[in-house]
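Paired with chain B in one complex and with chain C in the other, chain A is shared by the two complexes that follow.
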Partner chain A sequence: MEPDTNAADGAAAPPAPKRESQLRSFLRHRAAVASGGILLLLVCAAIIVPLLWRYNYTQLTNSLNTPPSLAHPLGTDALGHDMLAQTARALGESLMIAAVVTAFAITVGSIVGLVSGYAGGRVDMVLMRFTDLIMTIPLIALAAFLANKAGSLAGPQWLHIAFVLAIAIWTWPARLVRGVALRLRSEDFVLAARASGVSRTRILATHLLPNAMSQVLVAAPIIAAVSILAESGLSFIGFGVQPPDTSLGVLVANAQGEMFTQPWLFYPPGLLIVLIALCGNFLGDGLRDTLDPRGAAMGALGLTRTARETGTPPAKPTARPLLAGPDIGGPGDALLSIRGLSVFLSDGTAILRNVSLEVGKGEVLALVGESGAGKSTVGNAIVGTLPRRSKTYGEVRYEGRQLLGLGFRAFRSIRGRAVSMILQDPMTCLNPVFTVGRQLREAYVHGRQESRGVVEARLVEILAIMGIRNPRHCYRQYPHELSGGMKQRVAIAMATCNEPGLIIADEPTTALDVTIQADVVDLLRNHCVKARAGMLFITHDMGLVAGIADRVAVMYAGSIVEYGTVEDIFERPTMPYTKALLGAVPRVGQAAGRLETIPRVITASRNLNGDSCPFADRCSVRFDRCAETPPLLPLGDGHYAACWHASSLAVEA
Partner chain B sequence: MLLEARDVKKSYMSRRGRKDSHGGVAAVDLVSFGLYGGATLGIVGESGCGKSTLLRCLVRLETPDAGQILYRGADLSRSKERDLREFRRHVQWVPQNPYSSLDPRMLIRRVVAEPLIATGRRDDDGEVTAALNSVGLGPWAAQRYPHELSGGERQRAAIARALVVSPQLLVLDEPVSALDVSVRAEVLNLLQDLRTEYGLAYILVAHDLAVVLAVCDRVAVMYAGQFVEVASAEDISGAPAHPYTRALLSAVPIPDPRAERARERILLRGEPAPLSGATIGCRFRSRCPVYLEVLDAQAKTQCNEVAPTLQQAGGSSHTVACHYPD
Partner chain C sequence: MALRYLVKRLAAGVGVLVGATIIIFLLVNAAGDPLGPLEQQQPPVPRAVIAAERLRLGLNKPLPERYLQWLAGVVHGNWGPSIDPATNIGQQLAQRIPVTMELVGTALVIAIILALVVGTIAAVRPYGIFDSLSTPTSFFLLALPSFWLAVLLKQLGILYNQRTETQTFYTVGSSSPNLAPGIGGYILNIAGHVILPTVTLALIHYASWSRYQRAAVLDSLSSDYVKSAVLRGLSYRQVLWHAVRPALIPVVTVIALDIPALLSGTVIVETVFQWNGMGAFLLQSITEDDPNAIMAWFLVAAAAVVGFNLIADLAYALLDPRIRYGT
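What follows is the complex of A and B.
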């Protein structure tokens, strides 16, 4: 017996998503792939050349100090060693040391880091103090000591060097992994595992280790590069690899006196050191971008200039009549006027489809929809913060001026001045290292000439208007000293201090408690009325909409599906999605019964470029006409619905 | 009785890194309640009131500093991990954020099977599929990674993980706050159906009163680490006694423009008070509309000096911690 009558199990499983393998995404990073290739080549050279070349690295020939020739492609040194053989041997030695050091550092560092980070408390303290202690060991002295005992200690000599370096370097991945473990151990999935009774070791092995692995893999090539450099350094001062064995550092040390007279002795090993270090770093970059894509670079300041395309959007343009202006004045009076706005991502998917709306002075328009409907995108389109390389069509006019496609400089006079935005999460939209006053000043003084004292007085006054009880004190405080409600009030102060004509509020109360929310919403509404500013209030909460909005636009899958006054939407919802949205809201005082739900959509890539109504596959009243996208049909008095059923209602109205 | 809490207290160290003489910040301060099998209790409160901490103590993710937590009469508040095995099997926790409650590197199949392995049972495909079915996810979901599922689907997977060991009590921390409106409705319906089908008991924490009322029979309102009112769902919405409950009710937006704009809002002045240090008297008085606007100086002394405890008010199962409830 299935509890949920809308269950899609068994039937229509969503199609399997394409998983781009990590290998493929790594291969797109050209510098990293090239670096990896070069390192691989060097490793092969280090193995193959000694096997095939006619000279051995210890062999003394008769040609002394000869420059490169056919017989000796890298020349010979003062004792008659063939430099190609020596360099190949040196390369192999250095790489081997680097490999051993990396392997040891990664393994020991990961274990120590994981245990320390996850266990916390005393274990963490002991392990970290131990790590600190290790870092105080004077490496050079240790290396010198071992170099002196070169003959009497067991094992190949290069292993001693590797040992010295490994002792020093493992502390770095240990700290790295500890940081990751500290973060991971309070993640919900780890807590859930603990609450289910999973043992500590199992949690470490199955949850923490795989998640920490990506960081460790990124660090590995960099550790290798560092150990090559460190080993070269030690060998250069004579405490590294000892003769007759050789390494890149030894070769450089031997050659530095003759750098100008016999350059063929100096440059090959020197360049190899540089090459290996660089390749290690690029490889590390590539791995980081593959395994942790959030670290990848963004456009300058994250702001991009989106090109405004002329002509019609690529998808078959639906003959959607543009929305006639609302009843407050004609189209010329509207503060914000959006017509036919369509936005496409760089890969062609449409995130907004032919959106038209208007906001008048002193009016609050609520843009309602669920996640993915595109409501934040509308806000972004107005202030010009759409994703990189997206294409936009249509018009966005503020007081008649086209905003789409404006350059950064032209936008400066608009952003924060004429049009300002209040963002969702007050916790992250304030800079934690600056005081409230400093951030307010930054938003306010842009272009003004007044003295600091005058500015401060004005800003403190604004803070008081926002309902902050001790504004002078708050002005000097840091964001972390404020509660969520206060932070949001500061954000609103920043958005309104320049008396913008249009305020875009993107889910401004989502992160706030319900009692604070009521306050903040009242504050916003009063400000708009007093300052005759228009507000575009973006939200998913129908209750808030009922309280603050004059007009409402309901969005679904990138289009507006219903538009009208707030009474129209709540009392006469026409589009089935709007009705379903209203029915899904649990209400206080309503008997605890089932809530209305919308049949689950197939979470495959929804074809927004298609021709049919975007809601058709979830609609309970669809019929054949729904294969054609309905335009916003007028129902009278400024109420529009994008539904073919509306046309029959329009006849009655 | 399935689960009972008696005078549970949990404090965190104050900012200076040591417990001051009052024991630091009391996140949960003397909370008591009882829950029978098959019953549902909703805990409502705003951020910082201690409800998440209380939940973590109940499932023993944290150890309470004082008080008892009794599971079927046995006190587990100080038990070691190995003695908690049976308890962990019967009491499962569903975390708040579906976007972080599933290990991003594990297939759903492994995620859902984890509690089975933890309680020493065999990792059985049949059990996993049955659990996924009962939350409305098909077998296809088992082969996906969490980021390939939507928010609602992820939350269902988290519930499936809790159900796979056939628990008796589900402890849910804000199960729908991170989800869209229509998806919330689905998950809330699912919770009701699961309760009917499997006779589950719930302890559900949320900051949205409407969510709690949709699923739970009884509601406890929490403020500054204490229960200030406990009553049935009808009584809480119909006859709220504590001023905070009344303020909460008036702050919940009504999706009806005429009603919403016409209503009289009880606005609480100021922010939730900081919890550090001991407080004498009622913790709510700095924001209480009754204290600030209605009471005279003599009546206020009662609130200033004596911390109110839960007393009967109205019906027998309706208790309120206030000196002047009405």
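What follows is the complex of A and C.
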């Protein structure tokens, strides 16, 4: 199965889930399905065995304390009870109690939770404080107390115990449902229903209840698991099911001294409890992954080495040679030189195809393209933060040193010192629990050798250069005390304090207010000019490019499709995609009209492996030849474009 | 500012405690007349005896007055008369609380350390060897009934003693006269009593906490601030600290929420290992239908929950600058 994924910028691109029925996706959780099956089998066994088995659970046989045999598959106890009959009865009692507890707790909990969450305000406060108070009483103590009181009431014993446990457990689903109701209360569809005069009860029943139900369904098996543990615990200490009736907890209590002498009495009931609780938890997990997939998959940062493969990258399914990389730049003495870089995710999806580019000292190269074009992947490949287990081909050289395939230690000597990177979102890139000063000090190479005072003075000075008004104060502040613009200035200070030769700025202005964007771009530009540092400026905003870049590489679907100086790209754009990007930029003096947009979304990387030009299905000037992928064609003076329309121009040049 | 936060939390804690006294009082007194069994006794007990008992236990007054009287008594350390005239509830508590605190405190420390270490290691290499072992283990422990594990460990302790012909583990009671000489013998004696019950309790609770810790560290590891720490060229250890430090905050919440469950666990573990702690006191009081003793137990449990939550609030303030300097 080929995952249908766009190579997302930056982090690992999780395979986009195919639309499939919830049942089918649940069935893929083998552990959950197996758990459901086992629970069903146990229920059947608890019903069928007492009907068919020759002994009754109260019946005393003549064989005392016999180990398992054909006559007594689970042995007998000291009084001569057949343990198969006893265990089946105990299983039935425990399951029945757990089922009633779950049903009762969920019903009461859902009603209280819905009312509390939907009503909000004072009602919510009173109800929630009440559940808080109930929850301060340890479950087993409350249940034991109530069970003792309920002992004198009429009716079947197991029902008493079920209600007693439900009284101790209902607060849990109540809080869960209340959370859902509180969230849904302010959702558009509920507000719309309210605005159109639908009654409160109807909104509760038709809008909130169905939405809360999925959460409750997920919690149900787990509540059942908790109930069975609570019931058996209660019975074990003597306040639950009373002999001569029996439950799994009673059986364990009876057998506690006989673990070694009569293990057949001790292990089966205990292991049954474990099995039921385990199945309940697995079932709940499976249901959650199906109904509430947000709780599932997470990716971790690759602190590990990314494999560098030698040889040519796989070019399946087509056997056609890859786009020929242009011989960009000079004799290879550039600061950063990338040649033929291809990156594949662990599942074989190509997220970068044969990318070549160069950045010289003091030069700014803008890497532009829409989201998913692979711009950030280029940045991540340089600093070694590609997704786990991805494979790379080609060369990434910094001052002639190959960076691909380096380990964490080797990369350490480069990161922050020779090459630094500024991330897109300043709100999340500073650790919330450490001060700005501490994080800056960590970044500062000389932070170790020099005294604290000297280091602080130097770093405060750098903060001041970054345009932070009260740098000494800022140095002692925590990230949450700063505005987004301030944080990004701190991030830039961090990235530039060691005067690195190369700065990778990954959409450094995207998350900022327009008014601050220009400041940040100026800061970066000035730093590069002053320190003669090279910069890879990654952006999707063509409007920013002209102000900062010397040269531009336009990326589309993991490849560079046009490359040239700012003048080349802005004055003589050749590739239709570049033209379309420029058309999407508003310009002063432009006649009022519609801004152009590029139709459809970026081609899925799966199609990247195909024969045709990746832009073909969005291109307005497509013709027969576009069924074949065009290479980057030189247009003269270091201007390249991957478009067959450019080939006529190329010949002229 | 941090002080204001703590004062606020302290006030909230006192509020919960006052609320708890009302709930507990209503619960215990609405659940039935403690003299019911006495009235139904055959041959009948003389009415005068019952009336005298009613007077002694203060049952002849209206409910609100009884509540206030009880509350005033509790504030002054007077827990009210027990149904058994020979029992002084306050004395019982003073003897038994330290026994249970020993169990809860030790188990809590073991469980927290285990959860943090196991959860973090599992998260650093998700689906690695350690994770593939620790994840099923914690699933199994989550499903394990505490009393069954307690019995299992107790019997294994007995078996070990028999095999080695030593008295390494003590499986009955929380203490015994020390026979071994010297400070080393003293420590071994204490440890021999404490180890099996606390390990039982710790194993049951560390499982879910380590899952939360694993998720929190995993979440933190894929965050921008950890990536930014990597990009700054920090060492592996520094990067790890950047991930683990913020991940400690959510785990504190989970642990605080689990304190009542931990107290439930002690009731069971004390039963199995026959400790004369609060657990045994509760079960005895319930069996004897002793309202003042039951109320005292519930109130002590509520106070413990509130107390641990205050410690958690304090931990928050230490761990999270957004709370320390928050508005």
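Definition applied: the second predicted complex is superposed on the first by the 456 of 653 C-alpha atoms of A that agree within 3 Å, B and C clash if a C-alpha of one lies under 4 Å from a C-alpha of the other, contacts with A are read in each partner's own complex, and residues count from 1 in each chain.
What we mean here is this: a contact is a pair of C-beta atoms (placed from the backbone, for glycine too) under 8 Å apart; a residue touches a chain by one contact, two chains touch by 3 or more.
Please read all numbers here as calculations on a predicted model, not as lab measurements.
Of the two partner chains placed by the overlay, only chain C lies in contact with A:Ala491; chain B stays clear of it. When both complexes are overlaid on chain A, the residue A:Asp624 reaches neither chain B nor chain C.
By the touch criterion stated above, A:Phe145 is placed in contact with chain C alone, chain B being left untouched. By the touch criterion defined above, A:Leu430 lies against chain C but remains apart from chain B after alignment on the C-alpha atoms of chain A. Contacts of A:Leu544 after superposition on the shared chain: chain B is touched, whereas chain C is not.
Legend: residue contacts after superposition of the two complexes on their common chain; A:Phe236 is shown touching chain C, with no touch to chain B. Shared contact residues of chain A, touching chain B in one structure and chain C in the other: 11. Interface residues of chain B, counted against chain A in their complex, comprise 46-47, 56, 59-61, 81, 84-85, 88-89, 92-97, 100-106, 111, 114-115, 117-119, 132-134, 136-140, 143-145, 148-153, 158, 161, 165, 180-186, 188-190, 192-194, 196-197, 207-211, 213-215, 233, 237-238, 247-261, 265, 267-268, 270-272. Against chain A, in their complex, chain C makes its touches with residues 16, 19-20, 23-24, 27-28, 31-32, 123-124, 126, 139-140, 142-148, 151-152, 155, 159, 215, 218-219, 221-236, 238-239, 242, 245-246, 249, 260-261, 263-264, 267-268, 271-272, 282-283, 286-287, 289, 294, 297-298, 301-302, 305-306, 319-322, 325.
Those residues of chain A lying in contact with chain C across their complex are 11, 129-130, 132-141, 144-146, 148-149, 152, 225, 229, 232-233, 236-239, 249, 252-253, 256, 259-260, 266, 270, 273-278, 280-282, 298-301, 303, 383, 385, 408, 412-417, 420-421, 423, 425, 428-435, 439, 442-443, 478, 480-481, 491, 494-495. The part of chain A that touches chain B in the complex is made up of residues 1-4, 6-11, 13-14, 16-17, 19, 187-189, 191-199, 202, 206-207, 210-211, 370-371, 469, 483-486, 513-519, 522, 540-547, 549, 566-567, 570, 580-590, 592, 594-598, 600, 603.
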